[in-house]
Structures are given as structure tokens and as C-alpha cells.
Amino acid sequence: MSETIATKLSSLGYKLPAASAPAANYVSTVRTGNLLSISGQISRNDDGTAFSGTVGASVTAEEGRKAAEIAAINVLSQIAGATDGSLAAVSRIVRLGVFIAATPDFNRHSEVANGASDLFVAVFGDAGRHSRAAIGVSSLPVGAAVEIDALVELAEGV
Amino acid sequence: MSETIATKLSSLGYKLPAASAPAANYVSTVRTGNLLSISGQISRNDDGTAFSGTVGASVTAEEGRKAAEIAAINVLSQIAGATDGSLAAVSRIVRLGVFIAATPDFNRHSEVANGASDLFVAVFGDAGRHSRAAIGVSSLPVGAAVEIDALVELAEGV
Amino acid sequence: MSETIATKLSSLGYKLPAASAPAANYVSTVRTGNLLSISGQISRNDDGTAFSGTVGASVTAEEGRKAAEIAAINVLSQIAGATDGSLAAVSRIVRLGVFIAATPDFNRHSEVANGASDLFVAVFGDAGRHSRAAIGVSSLPVGAAVEIDALVELAEGV
């Protein structure tokens, strides 16, 4: 097996949490063909506490960037849980949906979303270069500041 | 033909409405390969009235759950209309996008979205176990409380 | 090469801008199989100014429709940039996500989204008939009024 997502994250100074179970009657990942769809992951820390609040009000853009990074780590955790956990299992991060709980006058969504984008590229290199849509939403589950979902292309043979 | 979506829904106490036509220059479903993309379906009842309002204000979480169920039934209606209507036409519900018109301080999105998730699993069993993203939005078409779109994997030969 | 997106747009009275580079660590398009995922494109004019504001407040529904058209043109620009630019490169517009910065009481999202839908059908004909989800969001990057992302099926051999 090639280097794992867990060891790569560790080399970047992060810890890969266990993939969390969904809170309800759905699943964290579904595979169709060589595509893996990952359910929206919120900015919840490994200890279960959520990075909550509204960006532009109780949460700054810089803090929002950190929340996006946390949500991205949870997406990585789900990818690892649905595969053998190797970096090589992922041939491409196709798309990220970055949902930011934000005030009507907030306009720095790109900076917030970069917390996720930068991490994916740091972990996967060119295979981590994704398309994305970053939008401001009125609220998110359990008051989270950021939620991220993903579409991933798996390598042949995975 | 295997059991139909309509008869299964009926056994669960629901009625499958006719698939509604889109209100504009788009279509309700597009197929690409074995994937079917379903346009966002709002919480509009079969009689044309919309389940409208904002969850966390004029609509409670429990009512929002019901609105999600109505939107889910409309997604089922579109799936049935794009296939032979059999349960067997669907090999997997890949993903649901659950958009909830919600206040900034609402945080029970999962409960609302479960109204859709539970119905899909009741209708399709394991094939209905989907990935999802549930988010709170500022407003939806015609003031609807919930809108749901979907990506579905069709069975071979469909 | 068949007629191009640029010449078709020109015959409709529009100008195809150069595909803009993403503002950060992501890419404007990712291809997986014969599908092309296009990053969210905002309602930014070719001169760099954004069509900004909130529909239902500082922006009317009719102006929002125009903003959706501008965002759609930017999606077309990205499609052209990722292919040979011909209309024939696109076998189907599978899905549009139409995100509208809108007030909680706005309810004419369909009219706004039609600014994009009508343009896609004008450009691609039947191949432009897409599924879509139109939702109202709290805010968008750089204060844009509309953001649109897309999933496109490419023709064989492209």
C-alpha cells in the first residue's frame, strides 16, 4: 500500500479522526462506478465539539478558514474509511461543495473555503486539485460554521 | 416488472403524485450513463399548494420534517416518471441535497432531512441508503420550506 | 470543428469572455470520465466588476435574472476553455446549481434562474436542457448576486 492519508496528514501536523457514523438514516459515503460521494461533513472536532457560529458575526473569516479545514479533515476521514486509506486510492478530488454559515453581508467566502482547498492539495498534490462551489448559507446542522461535501474519483482497482 | 414505487408508497400510506412539469426552460431529470440527475423538488403537495415558510420561525422542526417528506415524494415521482416506475429500476440512491429554508439560529437540520432519508430507505431498502448534504438556506422557490434534489444510479438494462 | 460556443453566443448578442482563473488553490474544471464539473462561477462581468447585491433587497428579480445570465456566460467560458470550444463538444448539460443571494422573503427564484436556463437552451438547443436546483443563499463570494456551477456530459471523442 502506498503512503496513507493518515500518515500524510500526520506529516502536515494533523490527526486523522475515526470516520464518524451518520446521525441518521443515511450513509457517509456511496460509491457509484469509480465515483465516491461523501455526505456533508461539518466542522466538528475529534472530541465531538462543533466549531459553531456564523462567519461574519461570531466567527471571523480566519476562524472560518480553520473551520473549513476541520470539515475537510472529516471528509478525508470518510474517504479513508471507504477505501484502504491510501493516498493512491484517490485518483482525483472532483468537486467540493463548501457551505459556510455566513451573514448576508459577508463576502470573503473564498478565503474560508481555501482552508479546505489548501489542505486537499497539501494531502493529494495534483490529484487534490478540485472544482468547488463556495456559498454562504443561513445555518447548518448543530450550528456548525462550515459543512463540506465531496465527489471523489477512485483509482482503478480500488 | 417488479413492485412499483407507487404501490410501495401506497403500502406505506402515501400516494405517488404525477410527476410535475418544470416551471421553465429546464427538465425534471437528465440521464448520463447510468446516472439520473433529478431537479430540485419543493415541498409542494399534490393539490398544488406549497408547504411554505421558514423552519425555526413559522415552521417547526417537526413540520419541516413533514415538508422534507413531501419534497422526497416529489423526487420519487420524478424517478418513477423517468423509468418504468419499478423499484428495481433504481440500483442506488447516490445522493440527496436537502435545502431547508431556515433561520440563522436553527440547528436541527438533521431531524428535518430525516423526513426524506427515512422515506427513501422505507421505499428502496438498502438501495435507498444515500449520502446527503443538509443545509439551511435563506429562501426557496415559491416560499417552500424544503427543496430536495437527487442523484440516482439506475439498474443495468433500465 | 463545428460552430463554436463563442460564435453562437455572439449571434445571440453576447460576448464570450476569456475563462477566468480561480482565485485560489482549486481549478475551474475537473474531468472525470466523460463528465466535466465546473466550479461555481459568479455574476462577474468581463471587466471584472461583480453584479453584486441581494435579490429581494438591493437587486430586483429582473436584475437577478440578468445576473444569472452573466454567471451562465462565465460557465460557458469555462466549458469552452476546457474543450475545443465547439458546441459539439458538449453532448448534454446535465445539471446546473443556481445559488441566488436572496432575502428570507424572496420567492421568485425560478424567474432568476431562468436567466441561466434560457441561455443554455439558446446556445445548445436540446443538449442544453438540464436538471437544476435553484436556491436562495445568505451571501456569495465578493458579494455576488448569483453563482452557478454545472455538470456537463462531453461528447464521445472530446
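For clarity, chains are labelled A, B and C in written order, and residue numbers in each chain start from 1.
As a working rule, a contact is a pair of C-beta atoms (placed from the backbone, for glycine too) under 8 Å apart; a residue touches a chain by one contact, two chains touch by 3 or more.
What you see is a predicted model, and the numbers here were worked out from it, not measured in a lab.
Undergrad: For the identical-sequence pair chain A and chain C, what's the CA-based rotation angle in degrees, nearest 5?
TA: 120
Undergrad: Interface check for copies chain A and chain B. Shared numbers divided by all numbers used: above half gives same, below half gives different; which is it?
TA: different
Undergrad: Compute the distance, rounded to whole Å, between the mean C-alpha positions of chain A and chain B.
TA: 25
Undergrad: By the touch rule stated above, which residues of chain B touch at least two different other chains?
TA: Touching at least two other chains: 33, 101, 104, 137-138.
Undergrad: Inside the complex, what are the residues of chain A that reach chain C?
TA: Interface residues on chain A, with respect to chain C: 33-35, 56, 92-96, 101-110, 113-114, 117-118, 121, 129-138, 151, 153.
Undergrad: Per the contact definition, I'd like the list of chain C residues that touch chain A in the complex.
TA: That would be residues 23-30, 32-33, 37-40, 54, 97, 99, 101, 104, 137-143, 147, 149 of chain C.
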